[in-house]
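Letters A, B, C and D mark the chains as written, and numbering starts fresh at 1 in each.
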């Protein structure tokens, strides 16, 4: 039973990560009609925003401590971060400790800006081009972004821990009235899950309840008509691109304590996020969320030893099997619209 | 001639010349010169890759170029082709003939099954289906899941499949060659012609593959110009009209898919014939992506584009990735120190380990400015010259894309 | 017994009754028009006839065989061709290639995986294509890319592509929609010419009553998915029910 | 961004070497009837350094490259001579090899077998290399080793830990300085027994590919010999990223020890995530829950940060050793690059020197001669204590280090501490050991 609950938790957690990435992707597709293969790269940039914030907070000056020696036998240079010098050691260390949550504040304007630049500078010119061209140019962009990050940060994964408050586990079992300690779940993963839920709900609420969102939704359904009403839909769509980029970036930041970021992270998530979006149905926001959770949970269960004992390696291919089955039984994914992306 | 019109015939002759004279064309600089050490590409292993990947992309182009169906899992067929070929080496002998025949057949069978399923959907749904199948096959091969199920080594996992001395090799006689051969003609034996500062290498394996490239290219021209090629282009242009013209598009699509899968199988078989080892990574999705990149870079739907695209990527991968800073310093040795260092600093990110960056930028530039690939770029330049020469702008109707 | 017999067709989209108990009988070698206000179900009916939609109930017999359950390309091979409101042609191919494709379909059926022989090797198909292009006066444009044709030429090309298959029944979906009066008259002449030259049944959906009354021998009026009246043009002209259905829609 | 600070002198020297190369082309092929592939005829000889420069192991590859460049400098008589001063053989005089200056070319394996082979082929066919060195994965090592066997050049394997490299995939032209899965198990066993006793329930997470399988087999065998029980072995996909669904079941499985047969990014992630699940703070069967990472590397340790504290593992070599060889190498490398060398760097450096030495002893670059000189060759002073290359499988035998994540690291470089130097005798095994069975070394192939 506890194993079962743990896998459900895992599935929800994984699912929320998938859903959050897929949400931005399908948002861009739904509003702008662009297939953005660089979406994984936006996630990557987000993750590296966290790394950058951590690095900036760690910028140090060096003092020479003659009592200690380094590995070559020379006097040791001791590095002290400036924040610790300026704000006192305790405060400085606390700020460094909280670098991941702090990065959230940084990432929103940064990603909005990058999204805006990307849309105005590149994507805009591809609205009238075939989807294949959009896929290809953004694929090229994804390679370039990954390589630039590698040039700055190297290829090794970089450890970006969560604040120490969130290290450790929460006894979920006790909440459910089970034996204490039977279902312990990492605190940060629960934070991530809650965070995803808030963001997803926020995006839906924004589209559902604001005038701006209503216009965008109308534009998603029929761009020309909305244009005829004298509304500058293009500006709003650019904003949506920025929003999608910000969502991807926040997902990236929050994910860093779970997965140490490295330059190829974007590509690792690219295939997966596309499978999620397509299974959900291109351009369908609820579809993406549904598919994200579905695939997350299925993957978690497929990883259970009991399941793997029956079919070895099922955990490696379950996502693809599900994708094939869904696409064959529901031609446009779970909640896709007709005629979208079928030419 | 050969059933081709003049223009196609010229193109065919061009490819023949390129393929047969590659050892000369790819070694433009004296071997020991700095330029030669950096930029010469006329050594057998790379030339083989040029032609083998050329075959692969020519095949891919029959599917994507003609019908517009973007397969993101084509590398899987290359992989199964290679596995089939290596198994033939393991079981029969190092003769490449059964290996290549089986690799084409096995890739054909896989593509019939996958094509039949994937072609039930179109657009991005088709792309994702092919991707899903290919990734599944990759996982199965990488961890040898199929082998584990059946209790023996099928793909040998990540290490890759290779021939061991204790393999059955039932057709192997006491004097049979111990490397891949064509009825005794060993693939890796070669003849070197040293002349002046140059040395040109002519290798059996390369010419064996080059003949396949020529045949594959010829076949692709014939398919492009055949009624089936016409039907495929029509499917790309307007599926609705196709069905209201009484044409069942499925068999045509499946045929294109299978032909292109078999081309990939042939390429896989040839890769194994040149180098009898194969691994699962040949099937990874990025390998499929690379095929797409090659096709786009060269020019989708054109005849010669795929060969060009494959050549450029393989050149970047093998030549640019080997340029390192000390080579750069040698080039700029005549310049003042500071300029040398500045230049090296500027170029540094794009060479050696940064060749992916160069590739990404080049690829973006092509997609943005030359949607028709480098072939279109060539045509544009050619047009410029023609205009200047004849000043005859009123050319009338352009011949349809070839 | 007509060449096309539609009996009791029903089709619902969710809560909307698109077609309700539609009966239609088209006699061989006649021109039969289907008219009705917007949303009357004309296009739905046409889509049922070509196999794009499957009705909830009813039967469609063509030339003594049932059409229902067949795929569009099979229905075409039975002898039904369709001209669309916006011409559906192969925009990326040349005019000549556009015509070649139905010629191959006519000769080889639904599919025939040809060898690798060049297209030009198929002389019979070539001649067939040239003949039809000559028929529609487009031989001089044979090398043009179809997308660069004028709207009228696109329409003529589509017509040629349908006619070369020598269909028994030609379905025309608003063939003059969006055309200037002169073009419309040309189209009328073209259709009349076609009708004179060959044995063909035509079924036209049209808003333009000028076209309808110039061409058709019988007219079916649909309103809200129901067949209202079926009669000769002269009788339809003054029919009170038709007036009512079209109130404010068009001058009858 | 890496900076390029090339001194004028260095350029002139390389230029001179390149100039010397111009006089007599070194490009020779198998067909040239010199008796072996790429026999150097001029005043230079070329090595090929084939390491991952892109992909997940790029950092490791770049460190290997640094070490190899350093080795070439030392062989050519530049720098401080490094390990040449402590090496028990004194054949290398700092004037190149057999009077020929050493040049090298570099290539990118991308940690993909196909690419690695393409790159090695280019080194052999285009650049005329007589030896290929380096690499960072067993799959790649086995692939390139097979290629070098067929082409007739010597392959020095670099970082490869799978038993198969000198087991069922061993080749006569290939040598491995690095240790292997069996040796990790044999070295860890006694230390684990001392630390954790004889009654442990071990749960294995294993990367689902050849290296993972052989390491798991080795570790399970050696821990079971202590009396431990292997409760479960779960195969995980490579590059899974999120291992939570494999880690969660461990919590209540009754196991008190987790053994992570992962490497590189997978290890960084699985270890980090295991600790997030609170495994390290758990008490099971009345014992503190323990995590073991059988194969450590400095870069993995850096990636995993503080998570490795107290976690045991094994290594081929570490710069913190106190012997003269290690000190000389660390000084030489550290002064040039500003940080201590990694184990992978050490392996590649030593292999380059050993190859050079073998050539001088054999008096020829002919791979058969070199192989003969390396087979059953005993030496010392290279940082691993008395070392031997076994002739029957080309595996190197030497001491193995058992490491632990330091509890209080003082800087970025001493995050791991040496717990024990396991003597060589303890990690030796007969050549026909079942874990290494099935291979055939074959005969050396000189190519032409």
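In this section, contacts are C-beta pairs under 8 Å (C-beta built on N, C-alpha and C of every residue); 3 or more make two chains touch, one makes a residue touch a chain.
For clarity, every value in this text was computed on a predicted model and none was experimentally measured.
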Intersection of the contact lists for chain A and chain D: B
Whole-Å separation of chain centres (CA-atom averages), chain A against chain B: 35
For chain A paired with chain C, centre-to-centre distance based on mean C-alpha positions, whole Å: 51
Separation of mean Cα positions, chain D and chain C [Å, integer]: 74
Inter-centroid spacing, chain C versus chain B (mean Cα positions, whole Å): 46
Shared interface positions of chain A, touching two or more other chains: 151, 312-313, 316
Numbers and ranges of chain B residues touching at least 2 other chains: 139, 143, 349, 356
Junction residues of chain D - those touching two or more other chains: 1, 54, 58, 208, 235, 237
Touch relationships between chains, expressed as pairs: A-B, A-D, B-C, B-D
Touching residues (chain side chain A, partner chain D) in the complex: 2-3, 6-7, 9-11, 13-14, 17, 68, 70-72, 76, 150-152, 154-159, 161, 167-169, 182-186, 188-189, 257-260, 262, 264, 268, 299-300, 303-305, 308, 312-313, 315-316
Residue ranges of chain D in contact with chain B within the complex: 1-6, 8, 10-12, 14-15, 18, 21-22, 25-32, 53-54, 58, 62, 105-108, 112-115, 117-119, 121-122, 125-127, 138-139, 142-143, 146-147, 150, 162, 164, 168-169, 208-211, 213, 235, 237-238, 438-440, 442
Residue ranges of chain C touching chain B (in the complex, touch as defined): 50, 71-74, 76-77, 81-82, 88-94, 97, 100-102, 104-106, 109-111, 113-122, 125, 143-145, 161, 165
Contact footprint of chain C on chain B as seen in their complex: 3-5, 219, 222-223, 225-231, 233-234, 236-238, 240-252, 255, 397-401
Residues of chain B that touch chain A when the two form their complex: 68, 70, 117, 120-125, 128-129, 131-133, 135-136, 139-140, 143, 145, 148-149, 285-286, 289, 292-293, 296, 349, 354, 356-357, 359-361, 363-364, 367-368, 371
